[in-house]
Amino acid sequence: MKLLHTLCQIAAPSGNEAPLSEFLLNYIQQNKERWKTQPTVLQGEEFQDCIILVFGRPRTAVFAHIDSIGFTVRYGKQLVRIGGPDAETGYQLVGEDAQGKIECTLVVSERDGALTYEYEREIERGTELTFRCDFRETDTTVQSCYLDNRLGVWNALRLCETLQDGVIVFSCWEEHGGGSVAYLAKYIYETYGVRQALISDITWVTEGVRPGKGVVISLRDSLIPRRSYVERIRRLAQEAGIPHQLEVEGSGGSDAKELQHGSQPWDWCFIGAPEDNVHSPDEIVDKRDIESMLALYQVLLQKL
Amino acid sequence: MKLLHTLCQIAAPSGNEAPLSEFLLNYIQQNKERWKTQPTVLQGEEFQDCIILVFGRPRTAVFAHIDSIGFTVRYGKQLVRIGGPDAETGYQLVGEDAQGKIECTLVVSERDGALTYEYEREIERGTELTFRCDFRETDTTVQSCYLDNRLGVWNALRLCETLQDGVIVFSCWEEHGGGSVAYLAKYIYETYGVRQALISDITWVTEGVRPGKGVVISLRDSLIPRRSYVERIRRLAQEAGIPHQLEVEGSGGSDAKELQHGSQPWDWCFIGAPEDNVHSPDEIVDKRDIESMLALYQVLLQKL
Amino acid sequence: MKLLHTLCQIAAPSGNEAPLSEFLLNYIQQNKERWKTQPTVLQGEEFQDCIILVFGRPRTAVFAHIDSIGFTVRYGKQLVRIGGPDAETGYQLVGEDAQGKIECTLVVSERDGALTYEYEREIERGTELTFRCDFRETDTTVQSCYLDNRLGVWNALRLCETLQDGVIVFSCWEEHGGGSVAYLAKYIYETYGVRQALISDITWVTEGVRPGKGVVISLRDSLIPRRSYVERIRRLAQEAGIPHQLEVEGSGGSDAKELQHGSQPWDWCFIGAPEDNVHSPDEIVDKRDIESMLALYQVLLQKL
């Protein structure tokens, strides 16, 4: 899990994904030789900070968002949310401005919930702060900030090792309103004719989804995917004997929102391990669910 | 109204429109010979469960959504809404899972409004439930679940009988966030150059819109159409002497949302009969408003 | 400021921008001869009521929305909002229906906030009302309804005088959910390869943004632009020595929403003077901020 640890430590809140994008490009360059199939790497200004890897003759695209939640310094000591981070007084935040590296403490007002930081000096307006990474691993679990979605990114990178045909997409802004999948999806559909998508992302432990019971196939969240596509995926998971759970939610979203609302007829399904302590510095995932997540993606990219 | 009765009985909640799509393809196949003009029928995977009919040299496209509201079975006996159905304890719901056909009863918690079902066994997770159809017809009214929007679909099918130039679109997901009109609109604009739209859907009886007073031309709902286009439609309705009412609302939406926000310069107008008991099993529409709806569409597809 | 005064007086609420569009086309026709570079003027039905001016070999596009907030007459004496106008009993509203010109008074119910008008006769359903323009100018300020965004339009027109390379876009519907930028952005990107945008619009005076302290470069509002693009703009503003302020907000939006969510990889940044008394008949802006706004746009269109 050294790769996952590294991924969790890189600050890349929505809008400033460049550092993680650079890391991924380096990682791909250094590791792709040992991959079964050599991908075409698409990147550059017309993809902003996103990356697309095209393997063989693709039928399915995997979307993993590389951005994270966080905070922006407003005026004085005020903070504004990037995405929907959990907020508790005492959370350690890190960042950097022109005056140097920052390690400060989050303070949540008991009166009105307003967010501020506690630090020895004033931080420059517009500076981004993210959770300090405290990566913890046991025999059965991993725990850290930003497993959502560095684990989805990790899953995609591991999938690359054996992938023959497929598209891997590293997207931006997912945690804060979206903004890259619309053009990525258009490019992929128009260039490769691919319209089947899997969303490699992390979901929630709930009363119906338990840690250790297998990767989650989501039947719906705030949006409803096309039934016939999700049924095909369920059948393939069953036939392969991979432990999995079915999720049914009325809220929550993912990169799939932009696929659903975009100008191409994408079928999509959210498939990911569930985590507890969502959007906090203490996100925790059961290793068995990570294992079945990767296994299911390997099967689906072959058979879908 | 036998066709309308049949349409109202077919379960096709958002995301699982395939059954109604199949029915429509069969209906079109069996009936198009007696239509004045033979359309090109566009369907298949690149249109998901949608259907496009192209007649002659089209200038205007009519959008009728084929999906309906409903409920998804969550965990235990919990239900999650598909779209915005009205919910009252005692409503009869129907569905089907691997164990067979289901007819159960909706229960709304008096404490917190939570939705559950009452049934002899547990229903499989992810199963969709829709209102049981109790179709009632009098000399002056029709009443059933899902007049919204099977009546809009019926209007479009009846329009086909005499249509010379135009596009008829059967769309999906309208009740639950949309998801097909963006790509349908792109295809139609890019292939046929059509950018005039009419939304064949059902609206609300309110203090300003009364049953029996004629089809409704909506001047706005949550969105505002381009004024000059709506004015042209009003003039044509007046010249033709077709009974109609003007609606002005601050909320509500339709397939027009995706036209308004899409990447083509569509002009659109919502035109449909008003109903009472909206989104319940007892939706009711005055037959005179159905008549003037079809009459207005016939005029507009000729003159717009 | 005679041009600005004229712009503020023209009624053009979202959906009915045609009157301002016509004025602009006339203005451009009459004035472009004295502009440094002659633009290509794109307009007509496929752009609805929008206008695009293309100068030289563009790298950057400036978006200025021409619509305004207002009210629609509903049933009886009820009013529905167009966009988010401030509402106070006594505000003077103007409009026109088939019976003639209207000048009436806004009434806000103290009980439930409901909006109505007071007038000698009933106004026709669907009629649009806008604030009566009371344009006030001092040595240091301008004050009027609709400085948002007639000042952004004014800035764009003044920019045209010296512009060599760039695209100027006059967009519609910004105040009420958007609806034109998606197709304008697609056209501009596909035709000219331009993907850098500046939003010429007006923002808010807040505790962190003060009148007279210079044009505002927004680091974020409800959406977060790509960090690397905004940083380039900040550096250019600093190098040019143009007075400016940095804004960090958690809410608010602009035409940038459609760029962010569209199917092209646009970089965007909101740059505009701040105003007080937002969305009221008494919007007020410091002239120094207008000056630095135009100066910054002139620099950026050259150097970006």
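The letters A, B and C name the chains in turn, as written, and every chain counts its residues from 1.
As a working rule, a residue touches a chain if its C-beta (ideal position, glycine included) is under 8 Å from a C-beta of that chain, and two chains touch if they have at least 3 such contacts.
According to UniProt, the chain labels map to these proteins: A, B, C = M20/M25/M40 family metallo-hydrolase.
For clarity, every value in this text was computed on a predicted model and none was experimentally measured.
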Same or different residue numbers at the subunit B/subunit C copy interface, by half rule: different
Cα-superposition angle relating the copies subunit C and subunit A, to nearest 5°: 120
Subunit B and subunit C, separation of their C-alpha mean positions in angstrom: 36
Residues of subunit B touching at least two other chains: 262-263
Touch list for subunit B against partner subunit C, complex: 195, 206-208, 219-220, 222-228, 246, 248-250, 260-265, 267
In the complex with subunit B, residue positions of subunit C that touch it: 14-16, 18, 45-49, 72-76, 80-82, 125-126, 128, 173, 176-180, 182-183, 185-186, 258, 262-263
